[in-house]
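Sharing a structure with you now.
Labels run A, B, C and D following the written order; every chain starts at residue 1.
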Amino acid sequence: MHATVSPAAETLSVRPASSQDLLLFFCSVRQQTETLCLPLTPEDMMVQSCPEASPVKWHLAHTTWFFETFVLTPYLEGYRPFHPDFVWLFNSYYNSVSDQPLKKLRACFSRPSLEEIRAYRHHVDAAVERLLESSAHPEAVRRITIGVHHEQQHQELLAYDVKNAFWVNPLHAAYRSEPLAVATEAPPVRWIDFPGGLVEIGHRGEGFSFDNERPRHRHYLEPYTLASRLVTCGEYLDFMRDGGYQRPELWLSEGWETVKAQQWSAPLYWFHGDDGEWQLFTLAGAMPLAAMLATPVCHVSYFEADAFARWAGKRLPTEQEWEAAAETIPEPATGNFLESGELHPMPASSGAGLQQMYGDLWEWTASAYLGYPGFAAEPGALGEYNGKFMCNQMVLRGGSAVTPASHIRSTYRNFFSPDTRWQFAGLRLANR
Amino acid sequence: MHATVSPAAETLSVRPASSQDLLLFFCSVRQQTETLCLPLTPEDMMVQSCPEASPVKWHLAHTTWFFETFVLTPYLEGYRPFHPDFVWLFNSYYNSVSDQPLKKLRACFSRPSLEEIRAYRHHVDAAVERLLESSAHPEAVRRITIGVHHEQQHQELLAYDVKNAFWVNPLHAAYRSEPLAVATEAPPVRWIDFPGGLVEIGHRGEGFSFDNERPRHRHYLEPYTLASRLVTCGEYLDFMRDGGYQRPELWLSEGWETVKAQQWSAPLYWFHGDDGEWQLFTLAGAMPLAAMLATPVCHVSYFEADAFARWAGKRLPTEQEWEAAAETIPEPATGNFLESGELHPMPASSGAGLQQMYGDLWEWTASAYLGYPGFAAEPGALGEYNGKFMCNQMVLRGGSAVTPASHIRSTYRNFFSPDTRWQFAGLRLANR
Amino acid sequence: MHATVSPAAETLSVRPASSQDLLLFFCSVRQQTETLCLPLTPEDMMVQSCPEASPVKWHLAHTTWFFETFVLTPYLEGYRPFHPDFVWLFNSYYNSVSDQPLKKLRACFSRPSLEEIRAYRHHVDAAVERLLESSAHPEAVRRITIGVHHEQQHQELLAYDVKNAFWVNPLHAAYRSEPLAVATEAPPVRWIDFPGGLVEIGHRGEGFSFDNERPRHRHYLEPYTLASRLVTCGEYLDFMRDGGYQRPELWLSEGWETVKAQQWSAPLYWFHGDDGEWQLFTLAGAMPLAAMLATPVCHVSYFEADAFARWAGKRLPTEQEWEAAAETIPEPATGNFLESGELHPMPASSGAGLQQMYGDLWEWTASAYLGYPGFAAEPGALGEYNGKFMCNQMVLRGGSAVTPASHIRSTYRNFFSPDTRWQFAGLRLANR
Amino acid sequence: MHATVSPAAETLSVRPASSQDLLLFFCSVRQQTETLCLPLTPEDMMVQSCPEASPVKWHLAHTTWFFETFVLTPYLEGYRPFHPDFVWLFNSYYNSVSDQPLKKLRACFSRPSLEEIRAYRHHVDAAVERLLESSAHPEAVRRITIGVHHEQQHQELLAYDVKNAFWVNPLHAAYRSEPLAVATEAPPVRWIDFPGGLVEIGHRGEGFSFDNERPRHRHYLEPYTLASRLVTCGEYLDFMRDGGYQRPELWLSEGWETVKAQQWSAPLYWFHGDDGEWQLFTLAGAMPLAAMLATPVCHVSYFEADAFARWAGKRLPTEQEWEAAAETIPEPATGNFLESGELHPMPASSGAGLQQMYGDLWEWTASAYLGYPGFAAEPGALGEYNGKFMCNQMVLRGGSAVTPASHIRSTYRNFFSPDTRWQFAGLRLANR
């Protein structure tokens, strides 16, 4: 069972405007998280298979902790925490709130049980609903909105983490029961020109945004050219066959060190089947690469994206180039998001204009993740949400096949360390 | 509910003499493993909280794999493995059989589910019973016997691993529901002389033994003196208060490096409660140290045992001294084993003679774990059982409060690396 | 003996315009390297005291290797390499040229001896001089120019590495024989406004520049304000006394992890003297911090610079803000460079306008080190010089007290990983 | 120049009987150390190329420190330490004396210079001579004797460390100027029987011994059989060609982990020459393996020695078996020691009886390094000399081609961790 949400949510436009809307948004996102867990057993929800990942049960608890800590305790009169230990047990990284258990301990939290975590969720859900049904303090409303978006981020992380957990287990279980469709042909790349100039970057202020998307500010761009679609597995295979992983001149210095240390020779989740041919492990199980050549190449690090671009004689776009281009797409933008149920990037369509800007895969950009001019972190502990990671991370744009549709927008800045590969990330080329 | 086995099994004498006896032994040990799991949830059985440990679910599967691999496949005609992947998935370290998954991956085996593992157990149980009810090949009988003792070893490991899992989880759950009795007074140590001379060491050949207990051979001992009982928490606290963990001259060089690197300042599972006083974490939950001063000090490494002995102006006995002394105890020897349900070492009784030689705690000896003169490993893959660990390990003797009573004997050689502490280990002094 | 060069070189203006000028520049820089070694013994030149450092003898050889590899072998007819093994032995990181020995092996190169390295230098010097005295190929001339600037970079690294070597040795030798002057009072900070707007960034093309300074391009800046001088030791001590190293909310996430892992509680080279008071270790030996409060705080990482700025309610400038401000300073810019012989940052003067922009200390900026729009690396192996490091590094500007004066310019981009401290780096604040 | 000592010292018998003899012994050993340094430059003496090694300059200083600390300061009235910092700077591991610099810092001690260290040596030499020429306290005499033997141990370590330093340097310099003689044929192995029984082990008490050789005690041995000579390179090559490094069943578990982690495929110092054939690096430079097949295989770990023995269907002898056999050799025993100037193990002679028991190579035994029954460490800080290493080490017997002849005896116990290979170690087989 993988049809996880209602089709109505597949565009970018659904965002709450009123307290009532927010309550609906809150309930649907909270429900979505539980729906995502339907194919999983309580044991599956214990697994933490790489340092980047957390157990699904922890995601269930931490997203709940967020509402309890930042909304209910300060803004719901008479609210009592569900359990005194949960206050710090499910803190991820908010030093201003409390100490936290080491991340790697999360795999040891057999207690509280899944049932207790579910009771925790219901306890908190009821309280938030109570709060929203009365006239909640505007700051509470604002924080609930952040909390819902926060939970959507964890829905996406949950998909990453389940994929890795099922990959690491030699039995290679499938999360989605139906196999993926064969996809061997993609439309040719077209090169689309943009004029650049003094553009405006960052969120306009209507609707929700994170602090790292603000303030809107001017940025000067030279004219530039973007590929109409993402790089495909077939194209990436050409890079590999041309010695891509053996030629240091194609790589950043730190990338080359990583290739050698990690013995990388292909993207994550590519493996040789019993017949010696490349296979792709997906959330729908393993597929022969030959059947997937037209799908975008996925689970590459920044280092690999950058090396591919250098090999191709191109480059990665900056985040400002990406955003300025994305703003030319007529609303409502659509894409292959979590709600499509594919849970994997699909081949580009042959239509005109930019394809695959939203959904399918996060696109690595050539931009380091830093504060915009005039950036100010959220006040208080929520200021730890984004700002403290502004170092040694690269920006990715556009969302992926496991991003909830209502979570993404043109100004949205995702970020990961350049050596990470477990997230759904690919690349689009820019012309020099 | 923690009274886990029938009282009849509390002495050392119960060992199978016939095929029928073996079947009874097999069934009771297999059942015992399941009984030990009663206080645990499926999620508890997923946890692997330190490099030494394995998830309980893995123990359930691996002990079953042992029978399938070494008994059923070669000796039960027409036997089909329960699942083709289990053949290597639950191999621990037998390179001659197959490759194995990395040990740390065991925490990622959410699949197969606990239910499947239980079905695996029943499938294998039925097949072994079938085999034993017919006239089984003598080698099959011999291997089933090894397999039952192997499973008893994993019962003990299961207790270590659950204790560590519940310790690492900040909620500090208790495995045993009733708290431990207060124990603050131990009888004074008496020093008991042994004449030494040319003694015989090793298993006589009647009943079961592991290859590492053989062959029986002569060994010359100078006269020696042993303490009548184990070192207590109270005595160990004196060592700590005398700067035991701050004085390099008391430690082996590698021990001192470990103290500094691991920042050891007390045995494992000692911690400061909210009142600032020492607490002990046990399988029955936390207890104030003040209430446990008469119990043997537990979860010390060889390095700590050795440093304590040096501080006390004594030494640890050799394994030959221990064995020669143990052989003076009239049979049937009794002790505080798994079946007592205490799951923790208890104070010595005030009787005459050697106390606590069996049960309570494994006793670190001054002997490195090496092959006896003329040692020959089991033939085939079972030769990997013991022999390949004969390096950088120290011998422990006598069993512990989580050792099944029918598993131990005077010639039994346990072994651990000198820096390990998660096992139930303590020490008895010898006089210089 | 530390007066290492002629006073004439203390301004930024000295750059070669002709082949004859280049020969003079080449000779003076090559001589300067040797002069810097005068206070060192052959044994001193063997030390490699941290992963960032290289032995001085290696610097002597590698800078020579650069000329031999990139200039003499391709452009001097009939040139024979001094020694066939040196071709790869002294390669630093140019994968396109050859494999390289692991960096940490450099400390094992007792052979070739210092005398052989000196002979190597003279052999190469004579050949370069021969080449420049004839009509050298323009590309050879261009590469010699790069090689001279390359050697100046290694002069600076040599100073870092000697300082660290003398620091790590418990005898704490001084490189400079005369002690530093006492400096306890600095002029108050003034805040200087800049209009921003659409500015031009990058090298204009006259005179030498590295590829990473090009191409000159437009960049939009909001109006901004810079501090007139660097942050002092006294000001940094206030940060420390206000719990700077104990308050996670002041730090980037990765910075805070580093503080804990490295147990940082002060800048590098601060230590407690026998009297319990802070001391600074300098190239002129140890000084009481109390005597140095007005000097700029030195040997801080990006993480510390960023945390200090957050504590102060300010921020670090971007590299574009820095460069646009630097271009307002009338030429010839002066500063406390290597040639002053101080070998340590000195207090700011009380003059109007920006102080300490050049020399004293490299200034951490808030900018990640990335390619400028339209950036193209040098062709061939020299393309590995800068471009392959454009990841996980931050930009520093302005040169330091151990930078040769003729090496620096307003567009010069230095870069280091945000956790490094052995370089001469400090910070200037920008106002939000 | 490698003829390092007078031929008279090539037997085991030279040991001091009087104060005058001791003075001569002291002077000759101190001189020997300096002679060993003749082929080295001051830069060579700075190198520390593996964690086991120390720079030669440090050996020169530390052996001197030993006399100053343990003899001169307590027993020579009015003695003043040469330099106040040397008291802790050159302490190796005596926690009872002072703290010590981290071992890896030794490579950073460019200061004090070699000249200062030489002056330190002369200062201490003169003081020890003064002390011995008067009527020295018996304890001073005893400690000088220990100090001389200590210095001989460091002479041997110096040879190990120089060999490794010259190996790690890609130039592969030779310490000994003359190449080794070709040696392709060894006499066949003969198997020599020993009766065993209740033997006496340990030092008799006449002449010098270390505390770990005492007390002499009884030990029971079954009858056993030893090979007449060491295993050769040719025989080891057979093991390699039979898949020795690819077959886990031949290895101890920890050995197999080490093989995989270190990617061992041959002994240390074996490498493939440009012609693809095996070469041996020796202190006399590289030699084709084909020319050395009859020499004993050298620089193998305990793990390799043990795996070879298992492959050969034999085993390693215990240290007691070795000692009891060695005592059957008529005195004065001779061998290929440091004084032969070969600096490498030579082929066995074809004589009757045990060959190569002394000199050539340290022989790994199957015995863990533990205290003998009744062992008592030296009192005071000298008690740290041996006793604190009695854990996770295996015993080696017999001395090597870089052991001074007067240093060895039948009861001498050397010990190393089972994974070390930089020492001159090989193996002799025992029959099961």
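Here, a residue touches a chain if its C-beta (ideal position, glycine included) is under 8 Å from a C-beta of that chain, and two chains touch if they have at least 3 such contacts.
Note that this is a predicted model, so its numbers are computed, not measured.
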{"item": "Most remote chain, CA-based centroid, reference being chain C", "value": "B"}
{"item": "Whole-Å separation of chain centres (CA-atom averages), chain A against chain D", "value": "59"}
{"item": "Rounded Å distance, chain A centre to chain C centre (Cα mean)", "value": "39"}
{"item": "Separation of mean Cα positions, chain D and chain C [Å, integer]", "value": "46"}
{"item": "Contacting chain pairs - touch in the sense defined above", "value": "A-B, A-C, B-D, C-D"}
{"item": "Complex interface listing, chain D residues touching chain B", "value": "93, 95-96, 198, 217-222, 248-249, 251-256, 302-303, 306, 318, 366-368, 370-371, 373-374, 376, 383-384, 388-392, 418, 432"}
{"item": "Residues of chain B defined as touching chain A within the complex", "value": "41-49, 57, 85, 89, 101, 105, 107-114, 165-166, 168-171, 173"}
